[in-house]
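Before anything else, here is the set of structures, which you'll find just below.
In the two complexes below, chain A is the common chain; its partner is chain B in one and chain C in the other.
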Partner chain A sequence: MKIAVCVKHAVDETELKVDAGGNPQLKGAATRMSTFDKNAVEEALRLKAAHQGEVVIVTVGTPEAKKTMKEALAMGADRGVLVSADPMAIDTRRTAELLAAALKKGGPYDVVLCSEGSSDMYSGLVPPMVGELLDLPYVGYARRIEVSGQAAKVERALEDSVEVVEAPTPLVASVVSEINEPRYPTLIQIMQAGRKPVEELSAEALIPGAGQSVSLVRGMKAQAMARKRVVFEGPPEETAKKLLEALASEGVLPR
Partner chain B sequence: MATYSAEQRRLMETFYPDHHEEYSEVLSSLGTFMEKELLPISPKIDTGEVKIAGPRKALLKQGMCQIAFPEEYGGLGLPFSVYAVAIEMLGTAEASTCLSVEIHNAVAEGLNRFATDAQKSRYLPGLLTGDSLASFTLTEPASGSDAGTMATTAEKKGGEYSINGSKMFITNAGEADLYLVFAKTKKGPSCFIVESPTPGLSFGGDLKKLGMRGSRTSEVVFSDCRIPEGNLVGEEGKGADYAKEILHGARIIVAALNVGIAQIAYEKSLAYARQRKAFGKTISEFQLIREKIADMKTDISAGRMLYLYASKVKESGADYSSEASQAKVFSTEMSLRVCDSAIQIHGGYGYTTDELHRHWRDARLLTIGEGTSEVLRLLIARRELARSQ
Partner chain C sequence: MSVSVWAFSESPSVANEVASSASSIARAAGGSFTVIGLDDSGPLLAGEEKVVLKSDVPLSTSPEAAAGALAKFAREENPDVVLVGSTRDGKEIASRLAVKLGRPCVSEVFGASLGNGTLQGKRNVFAGKLVAEVAVPLPCVVALKVGTTSALPASEAAAREKAMGSLPSKTKLLEMREKQKGTVDLKGAKLIVAAGRGVKKKEDLAIVSELAAALGGAVGCSRPLSADMGWLPEEHHIGLTGVTVHPDLYIAVGISGQLQHVAGIKDSKVIAAVNTDKSAPMFEASDYGVVGDLYSVLPAMLRQIKARRQ
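Showing the complex of A and B:
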């Protein structure tokens, strides 16, 4: 089985500073592999363990993205493809086009995995776009994937239910974090990852004009969230009941 | 909390301009493991709710003890300083596990230095991956730093040595698969490998300790414990020299461990000082608390520089016994100062909660273990007087 995993070298949102005007300070911000991408890599490695084959990491990024590539290779992926472009300077459509072009060039793949969304921007747009551009079925928000023969059975984690679908392979799927617990690469695997092959592709060579986006992000603002600061007083059995009632009335508990 | 800190990363960049990225990848990955898998269970290890065997094995499987060993035995071949920084991180995340791992690694380092190729091939790969655990047995009920007065004997009988005597305050005792044992032969203190189980090898109960409660400490007893003569490490009569060499390296590591303990006590103090209010403002705004914060931070930075400097001298191949001892004396005493200040900043909560005072209790061991501050001051003075002649 030939599996591709699309990953992103993302801004580390846990370290991101916001200035007094609410503007996130993206320049010079700490970066790392997008959190949920590790789940996608882990799932690919599990599929490989069950079906044999190869796991290829594909990313669109600056040279800095090699860190994420190396981390994914250290987890156990076999090789990588790095498409040179700054994902912060192009939109999701162009990112998806570049990923799809790289996947076409190195394909065909039986399964293409992505995470449900990147941990910095979290638009969730790229995975379905990649499916569309490759003309493959797309299954989003997978919490379980079983591949058998030429078909995959996928459990989709939706907001208040789980949907089980079957789709023919090849397919594109996005995974949610509950699908697995990503492994930690051992130190030896980290040292050896640098020796695994990584093919570097120029965005311009893949798609002429690849630097041109169809949409433009003019700015981003941090959203201030006001807290209600409700305090329940009394014995635990009473406050617990009040808390449950309050949460239910806010609509945050499943009914 | 990031276990691999910006300060540590900058020091790696300074010390290893050509290789720092690779070293930082290793340390960062290890730090993530410690932060997620060890730091959260550390309070439960202190109270005995969680035993360290599982987490320790997982950490060794990650490669914690492979860092500074040759690749031919399964190591990574990285500098000793990288291992020292990893130990500092582990001291921050989980001190008891760190103590156990530090002793284990010191034995592996001793074997790498003094054992035959056959002994190294037999034992090192398993020790480096954590498939087996090691223990260092030097101290006796009536002898500590004066190892020359040890009472444990090893008598050659045919193709075997018969070991008799007992060792005290032994970390990993009863859990380890391999014991590096120092015992006297006719030629003087000598060094042996004793595998467990071996008839005649037994252990006392787990000693109740002030701190480092997760690591097992007990007496090791040898009663006509017979081992093959091939288990002699190096030459007969040179055991005291080997022990000294092993301990010099271990002292750097103990220094790093104490910097790690001080670091977590400092971080907790910083967070508490920012949120605790008195007289209408946070206590971090009071000058006397700020003085403490400044002194704690300066102390920790100095300790870190000392253990890294000693590591670099060790890596150069020069005599580093004084530098290692300076690092240990300073960092162990510094750690106690910092942990004491942390208790003071936390006030009543500092004195009454394990979550805070366990750091002081953990740190308290190491002005005693692996060379007391008093003995090491004598060593430093002796070495520096000799160097100045």
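Showing the complex of A and C:
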């Protein structure tokens, strides 16, 4: 079974600094593989363990994205494809087009996995766009995937319901983080990851004109967190009393 | 030339909200709006212009078929803006529609308005740490954040029916289970007490439930408790990848306050926190905090709530 996983190299939102004017310091910020993508890589590795085959990591990113590629290869993926473009300078549709073109070029893949959304922009649009562009069956928000023969049975976690969907392979799916617990690579795996092959493709070669900026984002500012931040310390009876009084004066406690 | 806006959601509970946003966006720009529904997802309530798409195949349970129907109709009518509710299926429908029509697409947008040939709006990014301003050139497909606008009142106007014929769907729905309702309705809850990793054992969740019961609230949790420990069903998970809530009062008990969790509670009116760690980020995101052990603070709160009522 040939499995592709689409991942994104992203700024670590927990480490992102904001200056006094509310402007994010994106340049030089700490980066890593988008949080939920690890679940997609993990699921691919589990599918490989059950069905044999190969796991290929595909990403659209700047040269810095090699760091994410290495993380995924260290987890156990076999090789990588890096499409060079700045994902922050292009929109979701262009990103999906580049991923789809790279998947087509290196394919056919039996299963293409993505996470439900990236931890930076969290649009959730790229995975279904890839499915649509490749004209393959697409199953979003999978919390369980079983492949047998030429078909997959997928459990989808929706807001108010759980769906069980059947789709023939090849297929594209996005996974939710509850699907599995991503493994941690061993030191040896981390060391070996650097030797695994990574093919670099230029965006322009895949789709002429694709390197041009098509960002729909005009700017980003820190979210105003207008919270009072009153903190009570002391013996429990006292702090509990102060808290309840404060909440009562806000009018949010039932009478 | 007047701008035409479509409002669509496959979910009847979200459809009115999208119609409400479409109404104000279109009105402010001097344009018109049409509410589009699916024949098998319940009657359309709001809007003066209503169109119901009919097909030989189920549309409401196949985002692929629904997107196919919308795309077919959009090619006939050419609306400038297609607004879709940012539900999980809604985002798939919006994505597919954008690809089919060759239009730009943005999801989870709020505060949208039209001007200078673009739809402008905002969306939360970086787990809610930042707000991005987006400008999407028309014609476009935009998925609106759910839970940001009140629903539009129902109108008497009859819906026009539009037969779309048969539409392809490459997946087959085998089974659909509604998540148990009644056990927890966090989205509509006025008061929520949520537990985090500060709770040491599953049995100790009783203290949290007891506080919630005393205050007439619902019980929620942070991701580790549902996803990693399995102490509570996934429906209780509040945060970016779980449920987004907007109660009058949110009490975070033993929750450290990771960005992903805080992203799901931003719209709460008042946020309170109980945590042993004074430097927990949860306090930064709270109006009132108690630095202390939940195992002594919660029983003290319960005693005082009971004493007040006597």
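Assume the second predicted complex is superposed on the first by the 214 of 255 C-alpha atoms of A that agree within 3 Å, B and C clash if a C-alpha of one lies under 4 Å from a C-alpha of the other, contacts with A are read in each partner's own complex, and residues count from 1 in each chain.
Basically, contacts are C-beta pairs under 8 Å (C-beta built on N, C-alpha and C of every residue); 3 or more make two chains touch, one makes a residue touch a chain.
Quick caveat: nothing in here was measured; it's all calculated off a predicted structure.
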item	value
First, second, both or neither for A:53, with chain B first and chain C second	neither
First, second, both or neither for A:106, with chain B first and chain C second	neither
Touching partner for A:188 - first (chain B), second (chain C), both, neither	first
Partner with the higher number of touched chain A residues, chain C or chain B	C
Contacts of A:74 with chain B and chain C, given as first, second, both or neither	first
Overlapping contact positions on chain A, where the chain C interface meets the chain B interface	none
Touching residues on chain B, where the partner in the complex is chain A	22, 25-26, 29-30, 32-33, 61-64, 66-67, 74, 76
Chain A residues within the chain B interface of the complex	67, 70-71, 74, 184-188, 190-191, 194
Of chain A, residues touching chain C in the complex	11, 13-14, 16, 18, 24, 35-36, 91-93, 96, 116, 119-129, 131-133, 136-141, 153, 157-168, 176-178, 181, 214, 216-223, 225, 227-233, 236-237, 239-244, 246-247, 250, 252-254
Residues of chain C defined as touching chain A within the complex	11, 61, 63-64, 67, 87-89, 91-92, 94-96, 98-100, 104-108, 120, 124-136, 143, 170-179, 181, 191, 215-216, 223, 226-228, 234, 240-241, 248-249, 258-260, 266, 269-272, 274, 278, 283-293, 296-297, 299-301, 303-305, 308
